[in-house]
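Structure first, commentary second.
The first chain written gets the first letter, and so on, giving A, B and C; residue counts start at 1 in each chain.
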Amino acid sequence: MDIVIQGLTHIYMAGTPYERTALSGVNLKIPSGGYIAVVGATGSGKSTLIQHIAGLLTPTGGQVRVGEVEISPDSRDLSALRGRVGVVFQYPEHQLFEETVAKDIAYGPRNLGLSDKEVARRVEQAMNWVGLPPELSGRSPFQLSGGQMRRVAVAGVLAMQPEVLVLDEPTAGLDPAGRRELLSRIHSLHRERGMTVVLVSHNMEEAARYADQIFVMHQGTGVFEGTPAAVFSRGNQLEEWGLEVPEVAGLTNRLNEKLDPPLPAELLTLEELEREIILRWKRGRPR
Amino acid sequence: MIQNPILGQYVPGDSPLHRLDPRAKLLFVFCFMVVVFLANNGASYGLLAGVTVLAVGLSGVPVWMILRGLKPILYLILLTAILHLWLTRGGGVILEWGPFIIHRNGALQAGWISLRFLILILMGTLLTLTTSPIALTDGLERLLSPLTRIGVPAHELALMMSIALRFIPTLWEETDKIIKAQRARGADFESGGLYKRAKSYLPVLIPLFISSFRRAEDLALAMEARGYRGGRGRTRIRELHWGRADTVSLLILALLTVGLLWLRN
Amino acid sequence: MEPILQLDGVGYHYGSPGDGNDPEWILTGLNLCVNPGEYLAVMGPNGSGKSTLAKLMNGLLTPITGKIRVAGLDPGNDRDLPLIRRKVGMVFQNPDNQIVGTTVKDDVAFGMENMGVPRKQMLIRIREVLERTGLAGLEEASPHHLSGGQKQRLAIAGVIAMQPEVIIFDEATSMLDPTGRREVLEVMGELYQGGTTIIHITHSPQEAIRAERVLVLAEGQPQLDGPPAELFRHREQLADWSLEMPLAAELKERLRCHGMPIREDITGMEELVEDLWTLLSKA
């Protein structure tokens, strides 16, 4: 399912004194099976954008096409997208409500009208995907640790087997190990099942590590789109857009102030930087 | 996004009514609601209507905004009027059409009751339109404070109200978010009978309750950490100023009462 | 120098003693001394007792074993509590759930109102602390309309208006975006410069490295305690407690493993860059 967004505008509480334009004229194309990160400062319109992709908001202007489903200002029924686009909101564990882990994960598949057998199968599979041991299925989700609750919530969305998965700051509040594990599990699902992923993140390192495209938003419009390396080579502009320069990129820039020839500018992860430095050092050392 | 109900009420401004002390406004409206019932003829209702129109004028709030607030009550007024037209007898028949017979007294009653209703609602609306919820809370706390001696927890009530005011927008936003999250998981809040629809809201209400409890716990801890130990020995940043206009407003109320007593039958 | 916070053999567990289960001790026999004006970062895995420690330090919890002295006062004594709450302020994790007032000004006043500060004095202090936290001009704003970083700065303003000697930040940056985090860290740095004792509970090595002293808490006990430069040399140990290293320290370790002769005692970004320049330009 390709996602095509054209001239998307959204105004909250239009026609009242509290009117606020969240998006104005956003254009974006996400190819089926892609992994795109949407980055930008708080209030840049990221959340509003992804809610349109999931069919949770109707545009004020422009349109969003997800597969064959088209959403325009006068669309009334958006239910065609239910189950095909999954959304993991920020702090998704705050939406858990069932008595047991298994029942909570089953909520989505059940709403899709699947048979009991199929629901059970999907619950088991989803728990496996997020790394929840099967013996937790009968436990109350509210007795679990924060990290486990997060996984239950993510499993609840994955169990619907969406073709597009939208994640809004999925790692907020997790410790570094928890962050890495969650995102690498999602990444392998993306690779193995061809699931399209839209990741909203403040964390540029995360965006760079997993996404093949980055879409930068600033004050309700898209200001840049490209590969992670292309985005980070923008240097000072990143700060104008309210983005943090990733630490690795910052360190590389500092080193390049005095290195001739400089290290490649598109180093994004610690591993890449480490490899480049070692390479450079070994090359120069007389054997 | 769901419209915030609290934002919808108060209209910030600097009119004479806005500037009145909330205590004066509360006292005025409270007493007014009692003396309204003194009116029973054209002259007395005329006086009440006059004062109400004056108040509307002094509020500086656009008339359409006030009328918009009245819309939901209009049906209630209409219904009462129709019941009176139909059921109250005496004073001779003025209209007869099949089974519907309208008596003179019925028509009069319907008119007066509707007017009384309208005047009451208008005054109440003006109070909330020109007084911020927090000022209302302050006013109420001060007015109730003499009653603490007989066990009315004035400070606690006011604190509860102001915390509620503080958290209503937060919880509103949270509700919106949970509804969206569950909708994305295929929840259907629109179809089915009443029971089914009520049940479909459980996945929204349960998380909302849980998060409210968590917030309450956090807040209690934060308040304790900031040295909260109840109302005793506290000073206040908010102050109320009783001015000449406030005294005048109560004098007007007294004059109104005398006038009504004089004009009524 | 008399320590501002002193913990002797402090132990704590949740749950009542009579409920039959063996209590799970969060902290056991903890000894800790914090001097006035220190900047201490506390790190540790989830469930290591960091937050419990914070709550013990200003009397929100009372130790089950051992003793705590806060500026010479005893949190176990009800009469000392109001003074302890004044001297030790706390900023919590969730920005939303610690704001009581319906406007910025009301919220800053809340703690002072509890202390019985006269109104005139309050108005002066409100102006001053909003200035210091960069919130001047927002007096009448509704907290709901503030950004995460502004909300946390408001919480800080409310605390410093009470003129505390110690401020504990209990994972106060963990729910913020990068901008909000930077804002809060800046205010923290200024408070420290001004002589306030800062205790910063955090997961983030980049934040911990700003402190003069880092304490790693795990299994109810301090595991490491020292200046950040020293601490971040214990890479394996940190990994045991699922803690990360700051980027510069991590890179240094990795490069050393490849045999690059980088100085061992480097932790900061600047020094590492200097060293790498020398090594790579020789090449």
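Convention: a residue touches a chain if its C-beta (ideal position, glycine included) is under 8 Å from a C-beta of that chain, and two chains touch if they have at least 3 such contacts.
Model, not experiment: these values are computed from the prediction.
Note on interfaces A-B and B-C: more C-beta pairs are in contact across B-C.
Centroid analysis (C-alpha atoms only) places B farthest from subunit A. The geometric centre of subunit A is 30 Å away from that of subunit C, both derived from CA atoms. Once the centre of each chain is set as its mean CA position, subunit B and subunit C turn out to be 45 Å apart. Within the complex formed with subunit C, the residues of subunit A that make contact are 41-43, 145-147, 172-173, 175-177, 202-203, 242-244, 247-248, 251, 254-255, 258-259, 270, 273-274, 277-278, 280-281, 283-285. Here subunit B touches subunit A in the complex through residues 1, 3, 7, 174, 177-178, 180-188, 202-203, 206-207, 210-211, going by the rule given at the top.
Across the interface of their complex, subunit A is touched by residues 45-47, 147-148, 174-175, 177-180, 203, 206, 242-244, 247-248, 250-251, 254-255, 258, 260, 269, 272-273, 276-277, 279-283 of subunit C. Contact residues on subunit C toward subunit B in their complex (touch as defined above): 55, 58, 60, 82, 85-86, 89-90, 92, 94, 96-103, 105-106, 109-119, 122-123, 126, 142-144, 158-159, 162. Contact residues on subunit A toward subunit B in their complex (touch as defined above): 12-13, 16, 18, 51, 54, 56, 79, 82-83, 85-87, 89, 92, 94-97, 107-108, 111-112, 142, 156-157, 160.
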